[in-house]
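Across the two complexes that follow, chain A remains constant while its partner is chain B and subsequently chain C.
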Partner chain A sequence: MQQYLVRRLVLFVPTLFVASVAIFIVMRLLPGDVAQLILGGDASSPSAQQQIETYRQALGLNDPYPVQYARWAFSMLNGSFGGESLVDRESLAAIIGRRLPVTLQLAVYAMIISAIVSIPLGILAAVHQDRWVDYLVRVVTIAGNAVPNFWIALLVLLGLSLWFVWTPPVFYKNLWDDPSTHVQKVVWPTLILAWGFSANITRVTRASMLEVLRQDYVRTARAKGLTDRVVVARHALKNALMPVITLSGLQLAGLLGGTVVLETIFGLPGIGQGIVLAATTRDYPVIQSLVMLLVLMMLGLNLVIDLCYGIIDPRLSYR
Partner chain B sequence: MSHRIKVLSPILALVALAAIACQTPAPSAPAAGGGGDTPKRGGIAVIATRDDPPTNWDPGYTSGITLHQVSTGIFGAGNFVRQCRNDVYTVCPYLAESWEAGTDLMTYTFKMREGVFWNDGTPFTPQDAVYWLDLTRGTQVGDKTRPAWIDVGTQQVQKAEVIDGNKVRVTLKERVPAFLDMMKTATINIAYPRHLFQPKIEAGDVRVGPSDVGFVSLGPYKLAKHEKGSLIQLRRNELYWEKDAKGEPLPYLDGIDFPVMKDLNTIVAAFRTGRLDGGARGTGFGLLPEQRQALDRTLPGQVQYAEIAGYRWHIAWNQLKQGPWQDLRVRKALGLWLDKRSGVQAVVGGQSFLHTVMDPRSGWPDPAWETWPSFNANTRDRDRADAKRLMSEAGLASGFEMDFFCRRSWVQICEWFQGDYSGLGVKLKLDLVDDATWTDRHRRGDFDGQIQIVTATFPELLEQHFGRTGLNAGGLLRHNDPQLVSMFRRFKDAQGDDARKQIYREVEKYVLQDQWYAISLFDELLAIPYRSYVKGLMPGPEEVNHNLDYATVWLDK
Partner chain C sequence: MAQTTVPLQADVFLPLAQGAGIFGQLWDFTKRKPLGAAGAVVLLTLVLAAIFADVIAPYDPIAQNVPHRLREPGTEYLLGTDTYGRDVFSRIVFGARVSLYIGLVSVLIGTVVGVLVGASSGYTGGVYDLLVQRIVDGMMGFPPLILALILVVAMGPSINSVAFALAVTYIPRVVRLARASALSTCQEMFVDAARAIGGGHLRIMLRHVVPNSLAPVFVLATGYLGTAIVAEASLSFLGLGVPPPSPSWGGMMQFGARGYLEAAPWLTFFPGLALSGVVFAFGLLGDALRDVLDPRLRGR
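On to the complex of A and B.
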């Protein structure tokens, strides 16, 4: 297993390199740059072009692309995570340190809630296949899949404001600084995210359980006189969880970069919001470093999922 | 049964958690109308802002509302002079208590106010003002990047010097009658404390900005806290010099909390529930008519609106590119056809008004502009018939196709006139782009037709939109018309406001009626909600940055 782990970690290097070159090139293909945005605005002047060039020079944007790439890559490796924002000079370490916990907390909350809710619901639907419980679960999960979360978010805000004269606090606070404000701020985006997140997991759990419940060994277990609860919990569930774990890992990775709209609506200063902001302002170091962070987390999560397979199914070996 | 309860218990727990989370906020303020007119001291106002300020909070780099919504309170609402609090078109003293203009209008001598302090306790001196002027012009350090927009005022300066100990004499490169108008712009702030900037710049940090020196500044508030993406907190600057009419020190408020809120719907919801005392300023953050009606219905008498005009939409055709619009008859047809009043309804729900290049309330536009073709509702049908006839005369009776360049965030207005022009047979292919692409292509003149916001509180500012190509890389028109250039040159020689007014009206008529280079559409009226208990706001009619220092704001709670 150690050998497997080392091999997988080594494989991270070319993947990260290719991803870094790709994001670097894609950003340079987009028209416009941060100097124009900052100095241009809606007004201009006779010397505007000269000023933009001067500013581009100061920001290092006139250097050859290999030099710019090398500078950024070196700063990624030396611990400064890509240098600093071109827009406000905030260090990438500070940006990541500020934004990552917000998104991570949101994603983890959503994952915990959906794990608590969706796996039992999936089992319930499978055990009661084609009965009202199953239909209800399917309706709720299909709605969770089909309805965009930003639309739900707006409805929730509107409903809370109209009927309960309540909206979440306007400031974000960390859990460890102000737990009450934190809970009030994140509870709704968490529930909305968890709904969409758990909809998929519930459906996969249900499908996987249905398949396992039809296996011979489950029938044997029933024939031995075991209760339904024991059959489901001890014999069927563990084997049905493999696809659920895969999906959960992929969804969690998606959540880390895919919460941008909810972050905007609920005023949560997370990673997704940061990437969109950096893209619109052509803040190259920020978007490159945040995307690389997501790539790294995606690789890490995939590795963790693969390692989990072995824990759940001891028959699998790592080579 | 017990099995089902166990299965459902996590869901019930979540519902309970949500219920606990929905704690009711502090009771909202009393209804409007309570209290008198005597300002009350104290209190914290909570006013939304749409984003964190960019570029080290440096007003030398950017003039965006994202910065000035929160920074004007810190830096102050002007420089030597400012827009008057009750009249956006008039110049009032600020850090200079008086001034004298030379007879040739090439020198201005400002007598600097005494008893002004940077908020770290350092006295503000005339030398500080000269240093700031030199820095923004690039003469002091040479390589500190200057903003494009600030050239309008400070780039007219040839030399600045301290005379008689407490005066600053500014010598201009040429005669500039509108110099004080230019300098009164609310976004030109003395935000560079010499005692902190000079050592850093001399050490080579030419990008130093206010955030690098602890926001030491001259305005009525100090920055107390900035949690990026969430909260900007200002607190009273006890050293601020300004006093009200009764001699009471300003500001009245203890402070202002600005939550960073990027979504208008969220702002409206939070405003309704009492989390906010005021909304965010800036395009895209004015209330839609239905949102305003909803607030009036649910909070009767408890809401007031700052109605800020000045976002005057204009369409123009790129005269430096070949196309049917090179033909004056086509341009005129395009101008005559557009039904501006239908646009007011379709785009901004009636929350707007027609205009020419400048706001009618400013006194600059020709008094007869409402009777001009394309502006006059009574000649609508005739204008449209003329448009069809002109297209036929130009050999384009069946219309033509052209690209039209539009910011993605302006899609609603672009789609409206795209639809309106289809009746004339003109097929506009909308080219919707993000801000960075827009800025880049705009500067390069890479478009056939475009829509742009033109804002000016004095006519000389229009040169950046209507001047020759070399002067208006970011402006509205693209042309090589020497006559238009000469009109702006004549501003320099104008003697008094009447002469300036006459030249402005020539420009207005030439661009909109003689050459039909551009089409004035309508003003986007920003309706920003404030609770009625928020007093002393006095936002100007067409200046989104007016009185954003909040020095005179108080809460009648």
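On to the complex of A and C.
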């Protein structure tokens, strides 16, 4: 176990390095001169040229790329997360402190709701395989998978405003600041995310349960006279949960980057919306650091999922 | 599953009615997988709409006709008009072309590059393999939509940069799959046989390893075609995809959602409906193809 952990952590380093270099290179490909973009105006006059040159110097854009990369990578580690926004000079630490909780809250809510809904639904569908409950569950989950969530979001907004004359509050508030506004603001995006999310979890729970229910030990459990409830809950479910947990973890990781469009539609100031905003203003330090943050979280999550296997399934030995 | 050792040989490609001709096989597929066939019909419609867009669409998708702006869906304009008086139906039909183009180009580039890199990495092993795997891990660390987004921003929004960005996000997934297939194919007797009769590395890779890893890659590609179309719509919806006035379903939805959601709901509703229908069809067809083509993936 420890050996495995060490090996995973050692592989983590080159993976992070590749990802960060990729982001760094892509950001250097941005069209146009950043300094000129920020200063704006006519760049042809000598005084403007000089101003741009001083600004480039100040931003460190004239340094060789490896130096720039090292400076950025180091700042990611020491807590300043790559300096500040080029647009309004807000520090990236502040931007992340403001935006990260929004995305995390959204992802965690969606995760909790879909776990509560989809695991029982998956079990129900598996236990009543090929009966109407099963068909209903399958149709709803296929739809949840197929229909793009931003279309649903727009339909929900439309329906709410046409029939209930209700629109979400304009500004986002954290749960701990203003619970009522917070709930009104996040309830719909959470439910929409949870639908897409639970579609997959339900499907996998069902498939995994179906496989486990055919195992010998389940037949043995039934044969010794245990009730259906005990067989399903104690014997089958525990063994069926493994792929469900893998998938949930992967989906949570997907959610971190997948909330972009919903955040934009519902005006939630999360990481995704931050990246989109920064992308439209070419605010490259912000894009660079926020994307890196997502990558860090995704890779970290994957690591945690792998390690969780050992706790759930002691049979697995980590080679 | 106990079936993990099923060798992926050429007969896996044709598990349907053998020797019945292409139509016989299609009919067999329809009978065995009616939902998959329904998906195929929807996708065929999409392809036809994309090819014959000029014939089907009653109006020019780009030319403005401001006096006719914001007409409700009706007999003159089947699905209404937008704020510039452009026919929504015509734009959806031409939008099929954009969606399909981006989907096909990204899947094609992604598959070709991914299979070549993956198969060679699995076949060669060693430092090259290690290097490729680290790069793939690094790229898989990105949320896919975010990676596509920053690539499009870096290249400047256009149809081709969206297609390229989506290809790049797809490549690592193909590489992994193709590499895994290549590793198992290399254990097969026929690879040893090919080497024994003096086949070079390149020949063995292209003639034996690559073709035998194609079935799962093909299934993945069908699924990704749908994903790529949604991703394109998402990017265009965010204003970071296909630039206006090109008719893109996502772009049309963004246009409708900005201030006309209640006043002209048809601007958002119909492009979204087209998109959902297509993705749904890809899902159905993908499931059916997976069952038929790749017994190893069944039940996942």
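The definition used in the following text is that the second predicted complex is superposed on the first by the 279 of 319 C-alpha atoms of A that agree within 3 Å, B and C clash if a C-alpha of one lies under 4 Å from a C-alpha of the other, contacts with A are read in each partner's own complex, and residues count from 1 in each chain.
Throughout what follows, a residue touches a chain if its C-beta (ideal position, glycine included) is under 8 Å from a C-beta of that chain, and two chains touch if they have at least 3 such contacts.
Model, not experiment: these values are computed from the prediction.
Undergrad: Of the partners chain B and chain C, which touch A:Phe171 in the superposed model: first, second, both, neither?
TA: first
Undergrad: Is A:Arg98 touching the first partner chain B, the second partner chain C, both, or neither of them?
TA: first
Undergrad: With the two complexes superposed on chain A, say which partner A:Leu160 touches: chain B (first), chain C (second), both, or neither.
TA: A:Leu160 contacts chain B only, not chain C.
Undergrad: Check the residue A:Thr280 against both partner chains and state whether it touches chain B (first), chain C (second), both, or neither.
TA: both
Undergrad: Of the partners chain B and chain C, which touch A:Thr264 in the superposed model: first, second, both, neither?
TA: A:Thr264: touches chain B and chain C.
Undergrad: Spot which of chain B and chain C makes contact with more residues of chain A, would you?
TA: Partner with more touched residues of chain A: B.
Undergrad: Identify the partner contact of A:Met27: answer first if only chain B is touched, second if only chain C is, both if each is, neither if none is.
TA: It touches chain C, and chain B stays clear.
Undergrad: Which of the two partners, first being chain B and second being chain C, lies in contact with A:Pro148: first, second, both, or neither?
TA: A:Pro148: touches chain C, not chain B.
Undergrad: Let me test your reading of the model: by the given contact rule, A:Ile112 touches which partner, first (chain B), second (chain C), both or neither?
TA: In the superposition, A:Ile112 touches no partner, neither chain B nor chain C.
Undergrad: State whether A:Gln184 touches chain B only (first), chain C only (second), both chains, or neither.
TA: After superposition on chain A, A:Gln184 lies in contact with chain B alone.
Undergrad: So which positions on chain A get touched by both chain B and chain C?
TA: Shared contact residues on chain A (touching chain B in one complex, chain C in the other): 30-31, 154, 157-158, 161-162, 264-265, 280, 282.
Undergrad: Which residues of chain C touch chain A once you look at their complex with the stated criterion?
TA: So the residues of chain C in touch with chain A come to 134-135, 137-139, 141-146, 149-151, 153-156, 230, 233-234, 237-240, 253, 256-257, 261-262, 265, 268-269, 272-273, 275-276, 279-280, 283-284, 299-300.
Undergrad: For chain A, which residues are in contact with chain C within the complex?
TA: 11, 14-19, 21-23, 26-27, 29-31, 142-143, 145-148, 150-151, 154-155, 157-158, 161-162, 207, 211, 253-254, 256-258, 260-261, 264-265, 272, 275-276, 279-280, 282, 287, 291, 294-295, 298-299
Undergrad: Within their complex, state which residues of chain A touch chain B.
TA: Of all residues in chain A, those touching chain B are 30-34, 36-49, 51-52, 54-55, 58, 87-90, 98-99, 113, 116-117, 120, 124, 154, 157-158, 160-162, 164-167, 169-173, 180, 183-184, 187-188, 191, 264-269, 273-274, 277, 280-282.
Undergrad: Which residues of chain B touch chain A in the complex?
TA: 7, 10-11, 14, 17-18, 20-25, 46, 48, 51-56, 61-64, 143, 145-149, 151-152, 155, 206-207, 209, 211-212, 227-231, 257, 259-263, 265-266, 269-270, 272-276, 298, 433-443, 452-453, 455, 464, 470-475
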